[in-house]
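Quick one: the structure is below, questions incoming.
Order of writing sets the chain letters: A, B, C, D, E and F. Residues in each chain are counted from 1.
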């Protein structure tokens, strides 16, 4: 125990079902200290014709995209300076905060701000964590930064963590913390 | 849809059941874009005598403590310099990393390191997020720091984020990022 | 087969559960020609704390009153000329049609119309049928009428049928057919 | 809540499943005042090999025909004076009662009786209601009659209601009430 | 997997539920080579008011007695020559066959037959196996016999096996095999 | 009642499912004195992708062979003196005990012992009973023996019972009792 049974409409892709099973398993582990082999999840798939709410049959909504994949694609686009692609992944009301900045709402603002801070930066990821949180998904990425200061000297191994909120398949919030301020030349 | 049924042994406190229901609801929302009122969770509680694995009846393990509560209690103890209480909340292999430090394994190390960094610091919390992640729980706290620099001048409104791993009801890892390095006098 | 499982919140009275079981059994019989002993209904009662929609636990709404009982109480009140009690059982937009009348909306209208038709009338019930029909309940009562014509001669054994609509525990429609027109003196 | 799960053998036509879902939904609405979107019905279809009573697997009985369709087909046949077709829809022990008649058991009797009552009659339907009731289905049709009196004068807009009992796919009882007696010339 | 859910009426004693869980677990093991910790059995107990077949609620029948206990009590009574008690445990149509006998239907017959065979005999049980088999339970007891031959010499360690059929809580059949014939003096 | 639901992974052959349903039905009958038509068993088959323990999906293990079939094949091979085939059906640690022998561990031992006992023997089966018993299956075969004594005279109608233990699809134990000792010439 526990045993979790989830009834879903037929038609979700194997990957979506795999993520649902993992999320339900984790939900149990969060509260119940059962050994892994005692936590069972069963998905029951129902044909649309066999399920009704208020007497009305329903169609399955397409599964939400994996928010971790979405965030990584966004970060890759940013690192490649492909702002158009990155912009297309942002939702209404998007805002981002970087160390020492106030909220910025456009990628252009970010680029302008970063120009004086470093010539370029690349990320090495140590971990990506995606979680449900109320109606949204939260994604944390962390690892280290490498790049060049404006004066051309190199840096590397500097810790960072990014926090993203994803709603309806779009990024609506990015918060960034890192140790650049500890070490950058001033 | 979806409808989630979770079978658990009788005996969990209302608070634990509430957390389990919330975690299962969030697990569904993570993958399936159903409206809230269409996501149903039912807990089925079973008397120990009515449940067997391998023919052997089982007793319910006590619910895991809320990891968010645990982390906040730890942070309160640290802020009050009650190191003994804080130490009692740490698990085997505990390590922590702060901006500009390598891994530290004892609270004494942390106190020694911080002495040169600020006279004191207090935290204002904006959010606490706790998630299941594999066998562990992950807790993120974020908000702003206020305090005094070693020279006695005050600071405030400086962003921070802490990440904790909680296993078996004990904290095993703390990672800290903040913007102190952006602003501290050097 | 079929086996019907109904999950309801704890707290319904035995009588309400009995009516629910009967209605579910009849629903199956309506479509599936299984022998009676093969139609099984199980009610699963869930404590309010063990059931959530959208992460929110719910309280059971009080069961709807038995519409057959409501209609019979109304008819008893009418036969006893207790118009105040009968009026209290009528919902907004109530209308009634009797043989040869158009729609009447008040009991006073009915009484005025009936005065010229018979001195009094009593009903003997052969059957009362109550059914769900969309959001409303429908109740049919049928049997025979006895009473006295305006000239004082007696009549009896005259067939009638009444149809009622009940919504939210109040009568919103009454339609009456009978054979008085076949036999009454003109 | 409530959530209804019905286990049936595989093989019912979509239309039969649709009627079963509707009947189960109505059964719940009859007793529990839940909003429509909170009433969920799930059909679980089981392969015959996966279901046994007393250790014996079972085949699904063909669904019962929609009794409303059956009654309407009978009434159409009667209106078209196609007595042979109508007769084939009647079950053992069939009886019918019309205004002012005793029980008649053959359609020929009905035709003979009606001859003196009107030259012909056609029905305009306002509603057809079909309900399960114990082992039988009950169908009510109501609306208005139009036609010609024996003297050739026309009538129309005269209310009627018919009640049918349907058992095993055949009509076993018909009861008719109408307002012809209120208005027919005598 | 597999997971077995058994719905039973409330009111069975813990011992009966324990036997039911064990029998269901064994039933799975008989066909599916799952490791023990993967075979889960859940009993769902339903209040009598929450369960209906054909619309009729049901009371739980008292559990059948453990047939192994019944048979052992019978054998103890026989060994103590308490024929009255043993007789009370026999059902209609009881028959028994011992090595070299035809069917005997009364305990008196058995006693008469045994008189020439040994002065007395006692049983040491190695195992008692009770199984369901169609509507009846089958019990096998096996072990060794010790006692004295008619001439007073002792014997011991002689293998036996008894097979019993138990129906409705009474023994209806006993078959005995043993190695006495291999060794008894002739 | 009772109703048994067994959740298994998809892929078991009809014959294996039939045996599982029969074993579950018998398990119920063993404890609950319900009439046969009130004992319902439903198998729910789950696609491997829809079932996880500890977050890991599982493949169905092939069903265990019918132990009764296995034992009968072994006995046929022995009667045909096809020792190689019979040997292949024996598991590690196999032992057998016949009337008057100690434990024998090879078929060659058995053949050597039997040589002095009878020229040949054939079995007529009255019944074969197979049961789950803990992790193993137990099979009992009983009936009568016919054959020839070493001196060439014939015998027949002599009762026997064999008990087998089957683990992991191989025979690990055989115990034999019969009445040969009662009648054989000495």
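In the analysis below, contacts are C-beta pairs under 8 Å (C-beta built on N, C-alpha and C of every residue); 3 or more make two chains touch, one makes a residue touch a chain.
In UniProt terms the chains read A, B, C, D, E, F = SnoaL-like domain-containing protein.
Since the structure is predicted, the reported quantities are computational estimates derived from the model, not experimental observations.
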Any chain that touches chain D and chain A: B, F
Interchain contact steps from chain D to chain E (minimum; 1 if touching): 2
Chain at maximum distance from chain D, centres defined as averaged CA atoms: B
Interface sides of chain B and chain D: same vs different residues, half threshold: same
For chain E paired with chain F, centre-to-centre distance based on mean C-alpha positions, whole Å: 19
Centroid spacing, where centroids are CA-atom means, of chain C and chain F in whole angstrom: 63
For chain D paired with chain F, centre-to-centre distance based on mean C-alpha positions, whole Å: 57
Of all residues in chain F, the ones touching two or more other chains: 1, 3, 7, 26, 36-38, 40, 42, 44, 46, 51, 53
Chain contact topology (line, ring, star, complete or other): other
All chain pairs that touch each other: A-B, A-D, A-E, A-F, B-C, B-D, B-E, C-D, C-E, C-F, D-F, E-F
Chain E to chain C touching residues, read off their complex: 7, 44, 46-47, 49-55, 57
Residue ranges of chain E touching chain A (in the complex, touch as defined): 1, 3, 37-38, 40, 42
Interface residues, chain A side, partner chain B - complex: 1-9, 12, 16, 19-20, 23-24, 26-34, 36, 38, 46, 51, 53, 58, 60-64, 97, 99-100, 129-135, 137-138, 140, 142, 159-161, 163, 168, 175, 177-183, 186
Interfacial residue positions of chain D with respect to chain A in the complex: 14, 17-18, 21-22, 25-26, 35-45
